[in-house]
Structure formats: structure tokens, C-alpha cells
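This is the structure I want to talk about, given as C-alpha cells.
Chains here go by letter, A, B, C and D, matching the order in which they are written, and residues are numbered from 1 within each.
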Amino acid sequence: MVSPILVIALSLFFAFVIPLLGMVSKKLPRLVPPLAMLVNLWILITNIKFVSRGAMLVTTAGLKPPIAINLAIDRFSLLFVILIQLIGLLLSVYYLSQDNRDQRFYMLFLLNILGASGIVMTGDIFNSFVFLEILEISSFGLVASKKDRKALEGGFKYMVIGAIGSSLYLLGIIVLYLTTGSLNMAEIAKLMPHIPESIKLFAALLLLAGIGVEVELFPLNAWAPDAYHGAKDEISTQLSSIISKAGIYLAARIFFTIFNGFYALKIIFYLGVITFVIAELAALMQKNVKRMLAYSSIGQMGLLMLILSLVAKRGDVFVITTVILLALNHAFGKGLLFLSLGALSGGNGEYEIENLGGNGRANPLAGFLFTVGALSIVGMPFFFGFWSKISALISLMKTNVIYLIALVLVISLVEIYYYGNVIVNLFRGEGKKYGISIVPAAVMILFALFVIVFGIWPHPVFQIAQSAAVSLIERTTYISSIIGGM
Amino acid sequence: MNNLILFMGFGLSLVLVVATFVVWLSKDLLVAILGSAVVSLVASIFFLILQAPDVAITEAAIGAGLTTGILLYAMKKAGRYEDD
Amino acid sequence: MNGGLLFYGSSVFLMVMGIFIAITGKHLIKILLGIDLFDVGLNLLIISFGYVNGGTAPIFSKYPHIFKNVVDPVPQALVLTAIVIGVAEMAMGLAIVMKIKEKFGTCNIAKLKELKW
Amino acid sequence: MIRKIIAFLVVFYFGYILYSFIAVNFPFGERPLKGVAAHYVDKGIEEEGATNIVTSIVTLYRGFDTLGEVTVLFLAATGLGLLLAGMKEEEKEKPEPTLIMETTTRYLFPLVLLFGTYIFIHGHLTPGGGFPAGVVIATGYFMMFIAQKQFKPSEYLLSATESFAGTLYVIMGLLGLALAFSFLANVMPLGVPNTVFSAGIIPVIYIIIGFKVGSEMTGILAHLKEA
């Protein structure tokens, strides 16, 4: 058995080694990220069969939790970390075709993936703060690395909001430490019934302030449209497919495992509804396709968070499964949209609808892939998005919030309208032709294949998502497998 | 913690308040940056009073020393006065 | 006159002023200074939480003679981490500010209108 | 102006809530040590051999955090380099350093380096440790940047030190994984507490951190100076 801590240790090792390799040859640093992701995926896949019921405990410093930091990997976290590494692998293969990058870019990229994986794998709450900071600081750098006006402004906004949010997250952690005397997630979860209600509420709100930045909840998402808009297309993919996934994981872990479906989730519910509605309406107003995709991404995250919060009412496996399906659809569908938009606009930053007119006809492959992504996001049948949207509606029905079903259906119509508008525009008139090289095309096709294949045959994904959901719901098993005795 | 130290602490907290207001109101960024260095220095004395010498050393070296240095370099590039 | 008023009061004051400066600051470096003040206040607050009346620092340099009444070492370790993370964030922010100055010719947020603020 | 006043009132209101909440729930200085903190204070010296408990928490019990923290600094140095690369240098009139400055710094510089080394070697015995030590060393270089006109550290050397120290840190962790089945475990003999050669891998890790932080911070300052 290979210890999963190697996923983090080896990523770090590779990141530290890049400058040394860069001194040998300028071509080597580019090869390091795909290699690291492949090794990590291999380590994770060999560990699948060891993660059965409960969580797998990996100690550090030779001491048992809660004394030392530990990793705690159950099926839910394993699913997310594999998703993150897989998308990381695809993106790093995408970067292989671009040979004019600074080697430091690859270091930031690798550490960004490392931060997301660390958040997902750790079993210690302060450790999750450290990884959150790694994730955020590398994201500021990646967003700003385009070095034009929009990217810099987006990066700065993200930095200001992220810094304040994560400081509040730290304060929340300290409040939990002061009342329980521990920083281990399982131990805090075990002691949760003894914490007074007022302190619980206070800590939950502070933690929400930190997580809300990552999952783009309403008052904390002011950075998101600008950062998505300003960043390069691949970095926007990374923001939507990887960073927000780590945020969802953290929200689920903290508000279920630690707070045990606490009533503060009511706040997430309302914030989710507000985010969903406002962002989708804002997307409708946009003339700029990339900004539209950004708002649509925020809207999807709002829907996800509001469905996540519904589990508070009933510990329902199906609802968590829905969350996972939505997250997968968002990761692959939105990632595909951002990448193919890059191919459609030829990478020169012209994302206005009128500038893109006819580009889909001129670049049929990119146009087709954009259409596939859009159809999946709006939830057309025979695409993966259909299944996630259907299960979202069923979840809403099961948890007796019928009035939201109407809202989700109306918003779906809005989505169909604005995506349809863009697609029709893409195939009308004469456009500019941009070449697309083979490697990026292959990566985009892989994204599209996921959406199409599992759209027609969703059974395996359903099963995996369900088993992950079960392991999130079984909170006592998680706790007893980390610190024993409940 | 005896009364003498507490009395000193309240005196230092006045310095802290003044320095914070300097950071807020000063139009000259050089003065504002030095104000924030003073805040870090007072905080590091507070850490010492609170029996945290490790943190005090680190805060004095990083907060008052290094951060001020990098802020000054950045200020040289970004302009000294708030209005431009 | 008590320690709670002094230390909790100063740290909350720093945090509040830091956020206030970050919200209303006109210059990008001023905003970063606000975040810095906020971080210093937060660190001070965390260390004050760990103080124990009459306690000494958790360093037993007269070993094997050990004082049993020591302050909480864990918040100190956490704050060490937080300080270093704060300076890293500051460095990154300043790099962005310097690039903004180069591209826009100004650091005044009233004049940065590429995207809506 | 109105906006400012409203912001002021809102922020101070939240501050008031925060203050009253903590003053009621966590009265100053009255919280007894419990949970992991009590364990560290009682068993720390037996388990890890360092008389400075904060050090053993930072490097061993929560050593994984410190690895992350080093990574954050590395990230900041890297990102700064990435963003500032290729920035055009403006020709400005730089004031000449005076003779006094030049001479003093030349003699002070080795002393500062020596002091930094002292701090990280004694990290497990006295307050201090790798992070402040690295910063002290960087401050020495900062002094040289200001006072000596021709002084320029080799970028090659800085980046090599940084990478090498980082790699070494990970290897120390992997050593623990190989010998004690746990990442970053203390695999070296603990020795007699309160002597320099004690506490297992703690001094080694602090030396690595000292070098790494020193080279990273110097790198940050050098980048900012050239930009």
C-alpha cells in the first residue's frame, strides 16, 4: 500500500525541483506537472480498495490524532481528490502545447492543485486553513499572470476579499479550538454536542465567511466575475473546475461532519437562493460571453450550495448524490465552455458577442464543443447535465421546498435563452478562422466525452456518487475511524 | 500580570491608537507605512507581555522589519502620495 | 483596569480599523495596509486567548525543573504560521499593485475603471 | 463622505459585537489548559526532547502545517518573480550611499548573518527558530542592498538554495515515512534535553527552514529592488 500523503509530499517535491530542472534545460519544467499528476493519480487509485467504510487514517509525526496532524480520507474525499487531480492532469497536458511560458507558472499551477488536494484530504481544521491559503495565493498569481489590465484588477479584488475571508476563517477555527481544546476535525465533531449554541453559531458564521469566498456565495463573490473575466481561459477553467470544487468539499465537510447539519445552514440556503437568482439574471444581461459564463458559473454554485444546505433537514443520501452530480457537471461542462471559448476567440481576448459572430462556423470543432458544453450546463437530455438537473428537481421535491422547483425551472429557461443566443450567434454570418493545435483539441474532446458518454450511460457515475454520499452521511463512522469510540 | 505592566500596556495602547489613526489619515504613504511599522512593533511588545517570546521575535522581524522593507520598495514604484 | 480590556480591546480596535481602512482606502497600498492591520489585530487576539493568569512562556530552559503554570503554546504556534502567511499575501498583493501602476499609471481606485468596482 | 460614515458605523458595530462576545465567552486569562495543549506541556519534552514547547509544536506535532507554510512563502516568492518578470526599469537618480553607511554595513553584515545562524541553531532551546532567523538573514541582505551600490546576490545561487532546501525538507519527511511509517516523524535520537545536540530532527528542520526562508526573502527583496 502506498501512503496517500505522498500525493502532497511528491507534488511539493516536484514543485521545489522545477527551478533545478529549469537550470538544466528550458524544456523540462513543462513536463513536470503532467508527470506529478500521473503519479498522484496512480497513488490514489491504488488506495481505492483500502478506503471502505469510514475514513482512512494517515498520521504524521508518528503520533495519533488529535495530538498530531492527520489526513482522513473517506470515499467522499477520495472522489473529490481524484476529480481535482484528473482535471489537473488534463489542464497540464493542455499546457504542454504552449512552449513560451515562464517556468514559475508551472510551479504556481502545481501548487494550486496541491492546495486543492490538501484541503480535500486533510483531517485537521487548521491544516485546511494552510492549504486554503496555498490555494488562494496561487490563484491570485495565476489570475494576475496574464498581466493585462483586466487580469490585474481581477487578481487584486480576489486578493483583498480572499485575505479578509481567510482571516475570518482562521478566527472561526480559533473559536472552535478554545471551546474544544482540539484542532482535529473528528475530535471537534465528537465534542460538538457540548458546545453552547451561541458559540456554535458564531464559529459557523466565521467559517462560512472563509468558505463563501471559494464557493462564490452572494456577498463574498464580488471578485468572481472580474477574476474569471480577466484571467486566461485555462485559468478560468481552473477557477471553476478545481478551486470551487475544493470549496464545496470544505463546506460539506465542515457543516456536516463537524457541525452535524447545524441550523446555521438555513443561512447558506437563503444565500444560495439569492446567489442563484441574481447571478443567473446578471448572466442574462451580459454582452460579453466570458463574463456571462462567469455569472452562469456563480449561479450554478448557488444552486449547488442551496441543495447542499437542504440535507440539514433530513440526512438524505440522494441530496448529497445530487450535489456530487452537479459538481461533476459543473467541473466538466463549465471547464469545456471556458476552454472552447478560448479556441473560438483565438486567445486574443475578444469575448463580445458581436465579435464572435460566425466564429463557430469558421472553427467547427470549437463551435461544436462549445455547444456540447452549453447543452450539458442547461440540462438537455442525453447530456450529463440532464441527470444532475433532474436529480436536483427530485431533491427539491423530496425535501418539500416545492416553490423552488418553479424557480429552478424558470431559471433553466433563462439559461437556455442566453446560451441559445450565443450559440445561434456563433453559427451565423462570416467569422474569423483560428487554427487549433492537436493537444488542446484532444483535451477538450476528453472533457466533452465525459459529458456525452455519461450523459447516455449515467449508471456508473450515479453509483460512485452514491457511495461517496453514503460515506459523507455516516458521520459517526468517520469520527470513530479517526479517534475511536463515539 | 502586575499593575505596573498593565499600566505600561495602556500607555502603549495609546501609541497603537495614534499610529492606527496615522495610517488612516495620512495622505503621504511613507508616513502611513511607518505608522503600520509602529503598530507591528507595539504588537510585538504586547506579545512579549503575553508570554509569547517566539511570536514576539517573529513579529518584530517580519511585521516591523521585512514587511516595511517590501512596502517601501513597492511605494517607490507605486508613488508616494495618495492622490496620484 | 484589567488585561481583558487592554488586549481584547486593542486587538478588536486594530481589526475594526483595518477593515475600515481596507474598505474606504483610496490607494491600493492603503488597502493592503488595512489588511495588514487587520492581520496584526487578529494575531494579537489569538495570543490573548491563550494567556493564562500568572503563566510563564512555554519554554523550560531550567529543565529538569518545570513550572506547571504556563500559557497555552498552541495559539502561539498557530500565530507563527499566520504571520508568515500574512507576509506572503502582502508580497503577492504588492507585486500586483506594482504591475497595476505600470499598466494604468495610477494606483488610485477612483481612476481604475477597467472593470466595475 | 456619507458612505464613509456609514461604513465606520457598521464596522464599529460589528467590532462591538465581536468584543462583547469574546469578553463574555472567553474571559481573559481564565481558560485552563486542556485538550492537546495540556498534552504538549506535560509530555512534550519526553516525546520530542525540545525544551521550547512552541518549537516542538511548530516542527513536529504540527510540522505538516509548517511544510505548508514554507510552501506559502515559496509561492509568494515565485508569484512575485512571475509577475514582476520583464518589468521595465526606470532610470532614476539614485542617491549615493555615504561612506559611513558603506563601511558600517560592510562590517555589520557578517555579524547579522552570525546572529541569524545563532537563532536557528538554538531554536529548540530559546525563543526564535527558523522563520525569524531566515528573516534576520534577509534583513542583513536588505541592509547591503540599501548601502552598497554594486551589491547583487547571484540569482542562480538564491534559487538553487531555495529549491535545494525545499527538496531536503520533503526528504526529511519521507525519511520519517520510510523509517517510522509516518510522514515527518522524529526518527533521530532525542539526546539530553537542553543541550544543542538534542531533540532529534528539530534542529535539522530549523536549519533547513532558516536557509529556505532566508533565500526566499532575499529573493523577494532582490526582485522588488530591481523592479
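Please note the rule applied: a residue touches a chain if its C-beta (ideal position, glycine included) is under 8 Å from a C-beta of that chain, and two chains touch if they have at least 3 such contacts.
Only a predicted model underlies this, so the values are computations on that prediction, with no experimental measurement involved.
The chains that touch subunit A as well as subunit B are C, D.
The interface holding more C-beta pairs in contact, when A-C is weighed against B-D, is A-C. Chain centres here are Cα means. That of subunit A falls 29 Å from that of subunit C. Taking each chain's centre as the mean of its C-alpha atoms, subunit B lies 19 Å from subunit D. Chain centres here are Cα means. That of subunit C falls 15 Å from that of subunit D.
Distance between chain centres (mean CA atoms), subunit A to subunit D: 31 Å.
Listed for subunit B are residues 1, 53-54, 58, 62, 66, 70, 74, 77, each touching two or more other chains. Those residues of subunit C in touch with two or more other chains are numbered 2-3, 7, 9, 13, 19-20, 28, 45, 48-49, 51, 53, 55, 57, 59, 70, 74, 76, 80-81, 83-85, 87-89, 91-92, 94-99, 102.
Listed for subunit D are residues 26, 29, 31, 36-37, 40, 52, 54, 62, 65, 69, 72, 75-76, 79, 83, 127, 131, 220, 224, 227, each touching two or more other chains.
Chains that are in contact with each other form these pairs: A-C, A-D, B-C, B-D, C-D. The part of subunit D that touches subunit A in the complex is made up of residues 21, 25-26, 31, 34-40, 47, 60-65, 67-69, 71-72, 74-76, 78-79, 81-83, 85, 156, 159-160, 162-164, 166-167, 170-171, 173-174, 176-177, 180-186.
Against subunit D, the residues of subunit C that register as touching in their complex are 2-4, 7-9, 12-13, 15-16, 19-20, 23-24, 45, 48-49, 51-53, 55, 57-61, 63-64, 66, 68, 70, 72-74, 76-77, 80-81, 83-85, 87-89, 91-92, 94-96, 98-99, 102. For subunit D in complex with subunit B, the residues that touch the partner chain are 29, 52, 54-55, 119, 127-129, 131-132, 135-136, 138-139, 142, 217, 220-221, 224-225, 227. Within the complex, the subunit D residues that touch subunit C are 3-4, 7-8, 11-12, 14-15, 18-19, 22-23, 26-33, 36-37, 40-41, 45, 51-54, 57-58, 62, 65-66, 69, 72-73, 75-77, 79-80, 83-84, 87-88, 125-127, 131, 193-194, 220, 224, 227. The touching residues of subunit A, when paired with subunit C in their complex, are 126, 130, 133, 137, 140-141, 144, 147-150, 152-157, 159-160, 163-164, 167, 170-171, 174, 177-178, 183, 226, 229-230.
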